Amino acid sequence: MKKLINNPTHVVDEMIEGYIKAFPKHVKLLPENKRSIVTAKETLSGKVGVLIGGGSGHEPAFMGYVGDGMADGVAIGNIFASPPPDPILEVTREIDKGAGVVYIYGNYAGDVMNFGMAAELADLEYGINVGAVLVTDDVASAPKEEKEKRRGIAGEFFVTKAAGAAADKGYGLEDVVRVAKKTNDNTRTMGVGLTPCSLPQTGKPSFELEDNEMEIGLGHHGEPGIEKGELQPADQVADRLVEDILADMPIDKGEKVAVLVNGLGSTTQMELYIMFRRVEQILSEKGIEIHRSYVGSYSTSLEMGGCSVTITKLDDELSEFVDHPADCPMYAQR
Amino acid sequence: MKKLINNPTHVVDEMIEGYIKAFPKHVKLLPENKRSIVTAKETLSGKVGVLIGGGSGHEPAFMGYVGDGMADGVAIGNIFASPPPDPILEVTREIDKGAGVVYIYGNYAGDVMNFGMAAELADLEYGINVGAVLVTDDVASAPKEEKEKRRGIAGEFFVTKAAGAAADKGYGLEDVVRVAKKTNDNTRTMGVGLTPCSLPQTGKPSFELEDNEMEIGLGHHGEPGIEKGELQPADQVADRLVEDILADMPIDKGEKVAVLVNGLGSTTQMELYIMFRRVEQILSEKGIEIHRSYVGSYSTSLEMGGCSVTITKLDDELSEFVDHPADCPMYAQR
Amino acid sequence: MKFTAADLKQFLKNVVNVMEDNSEYLSELDRKLGDGDHGVTMSIGWQAINEKLNDDLTSEEDCGKICITTGRTFLSAVGSSVGPLYATGFLRGAKVFQNKSELTGEELRDFWVAFIEGIKERGGAEVGDKTMVDTLHPAMETLKTSYNETNDFVTAFTAAVASANKGMESTKDLLSKRGRSSRLGERSLGNQDPGATSAFLILDTFLTTVNSVQAV
Amino acid sequence: MKFTAADLKQFLKNVVNVMEDNSEYLSELDRKLGDGDHGVTMSIGWQAINEKLNDDLTSEEDCGKICITTGRTFLSAVGSSVGPLYATGFLRGAKVFQNKSELTGEELRDFWVAFIEGIKERGGAEVGDKTMVDTLHPAMETLKTSYNETNDFVTAFTAAVASANKGMESTKDLLSKRGRSSRLGERSLGNQDPGATSAFLILDTFLTTVNSVQAV
């Protein structure tokens, strides 16, 4: 697969270099690891620090979401690989302003171990209070009875948004953690994959699908999904995804939600809007109110083809956080 | 090629439907044509209206750029096809608040004819003053001596941004046109294509390149470029693109620019940042100051692979416009 | 020679079918030189006309109105480069047919001259620019001369279509100067212009239609 | 049996090469079950260790320090799932080797027991979860029993590697329960776990190294 890169082993470092040079007013690189980025504006004293992170290859997630109203810092791993504890710790120390730091990351073995180790070290070595919120929005990744095993995918955007807004509004650590967990509990995502991505180092497609096939529930890194089948019209795909979400998290008539139709990389915005069109139809038929919509590539899997639908149930507190302004290099909201 | 669509002949209409449903607070559809979108907020009386438009398939361009600080309305054509005069006229009538309307569109035979006819009709039938600004930033599309023949590509973003900001600041029609033309005169883009896109109706790749090939100067719709060759490392590709731009529009040491590294559709943000990294190196070696950077998919060609580099020379007036806040569904800046 | 409103509508119907049959081919030509949509655009435009033929136009007897509807419908449906071009052709031609439900050979000649002059004016292209004008202009010249000489529309139009064919073929050897493919330079050589091709198909379909009317 | 700091470094060098040779294969296994990066991750991690071997560690004689550097370097270079797992293995093992530049068979046994216990603790996986623990745990059990019986490290470790091999192979028939592939269900059947494979390669390489030391 063709890529505009130099050396495959340097892609992450060169990406970070480019990113920092592109947005010097927004973000800065910390000196120790070359994988720790924090907001260029000093985090306010007494504000809870919001730390995000994970493997690369999901851009704009996660590094694009550092900025006002979102995260204070990000630790960046190799492609599809959790960052080690060191950069996480470096970010933690920088963004802790006495009120502690909340870690938001996807529920993957690697992330759990690395962020877990960093949290322990932050406490032991620096006395920093860390709260951890694991994102588990991917309905397809485990049955309902084992919800705690589910992976985190595009829904992490809403969890970060809520935590970032809560921290911005001066909530304490416990409360930011509560808000983030509540958001995660109220968030479900279902995805569909059409075409694979490839790691720059291997150049091999991450999975195989026939020319007329799609895969429901495909993971964010090309992990096998729950069902392969013939590619359906967009409306039917949307029906299926929303159905699975609503079966898992019933939403009553009159309830409010935020919706994200997320492109996995190479799927056009045209297709995403066609998908959104149907999602909106279904929800409005059920009398569910879309409070705010997001359509675009918010969390990708390199150049994978396909999309995911995320629905977050909102109460008044969460609605306010979703509406909170944000100013990040790769996402802004007024 | 796999697409998440329903009926190929309805993709544009369904996309528009989805778009309007997604951002009801930002945009609204006009009743006559189903291809005319204006900002949901009433355009201020006495403000110059900014109208953009062109073929579909370039999303977020053009419809994503309707909103505060950018365009007041957009006329949307079929995929890669200029809209007819009717929807252009409908938008014109809606956004004219007595101060006239400026049309910004790419220099393609179709757009020139359709926007030209609409402008004539606006004047004749409704007495609306229209100023037209043709975007001609694509260096590869004609030699310097025939600059007026050049096509418009990603640079239209900066032209729209400047015109939108000027209109927002209360400039009159002549002045908005002047600012937009100045921006166009100071803007150059060079692109590279790696993989083709396909129209939903034909499903055929828009051009052919071998697995190890790239094409310099490829058009925004897959029009053949100026040079096919072996895929080079990102740094060399960036060198070539920037070289061609600077040969066409010399920039002195100490001058300020805005830079856009634009993805054509399926090229990852990781690659775009790797490209930006090198662009920044070249400019900073030459003592050229990057005032503001944009990296992402700002103007696509469906799912085409590749990217373009746009450089706009800024004086103080244009810097101010680039920094002007914007709030559109698919692009916001604080 | 008698050419009625019904015949005119039959001609338009025939074009609908011809464009459907050639849609893939026209797009293929456009992929080589442009953005690959010419067949799609022609198909969308003519399908829209087809709907009008089956609906608003079923009982329309005024050939002028038929052409106005055709032009407007085409333009509203497609925009693009060819929208204004072919629409202008039909709208200019409509003036010749105004209030007429039966057309003489002379009127048919005037229609095509107006049609082609309108396209030339709208697009500003010259012969040799590798556009539909390379098909249309020689067709018009032959039509005029041959009609002058023979006073027979069918004879003249048969000759015109032959010239159109030559003109279309000539675009293979031309460097493109207009539209999206103008920067292609050398690489545009060898490829036939899609618009020159669709223009030929329209003229050729008119000839077929006229011949079948004659035959009755 | 004598195993020196130089031998330990030779072992690490050998792993570097083995991982380089098997990188493609490990990624291929991971593509079937996970995100396809296991070979890449192992390669990055061991290349980083290689740099240390050629640099900071060239004159290091303390086997404990060598293992600490190995563990830390691996972790800093890769993160991922296997970063904390293998790093913990080396760091726990390091305690056994502290201040020693030559190692007895008993110490080697204790090292591997600590290594494997560390990984089990860090990841919390059980035998049967389709992870590297399916390779490592039976290897540890055999190592302990056989060493108890024979008091000979090489004999015991040879047996341990045989158990590791069986354990690795057993992952083909397991449904995955841990890590990225846990939701695969039936579809994970038939595919060998990548981490179980890299763990086997490490143990096997240690055996080869020990044997070549013996042979001298």
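Every chain is named by a letter (A, B, C and D) in the order it is written, and numbering of its residues begins at 1.
Definition applied: a contact is a pair of C-beta atoms (placed from the backbone, for glycine too) under 8 Å apart; a residue touches a chain by one contact, two chains touch by 3 or more.
By chain, with names taken from UniProt: A, B = Dihydroxyacetone kinase subunit DhaK; C, D = Dihydroxyacetone kinase subunit L.
These numbers were taken from a predicted model, which means no experiment stands behind them.
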Intersection of the contact lists for chain A and chain C: B
Chain centre separation in whole Å, for chain B relative to chain A (CA means): 29
Distance from the mean Cα position of chain D to that of chain B, given in whole angstrom: 54
Chain centre separation in whole Å, for chain D relative to chain A (CA means): 32
Residue numbers of chain B (touch at least two other chains): none
Touching two or more other chains - residue numbers and ranges from chain D: none
Pairs of chains, among all present, that meet the touch criterion: A-B, A-D, B-C
Partner chain C, residues of chain B touching it in the complex: 9, 33, 55, 77-86, 108-110, 113-114, 117, 140-142, 149, 151, 199, 201-202, 204, 206-207, 217, 219, 221-224, 226
List of chain B residues in touch with chain A within their complex: 2-7, 11-12, 14-19, 21-23, 56-57, 59-60, 64, 68, 192, 194-195, 211-212, 214, 231, 233-235, 237, 265-278, 280, 290, 293, 295-297, 300, 302-303, 305-307, 325, 327, 330, 332-334
Touch list for chain D against partner chain A, complex: 24, 27-28, 31-37, 39-41, 43-44, 75-85, 122-123, 178-185, 187-188
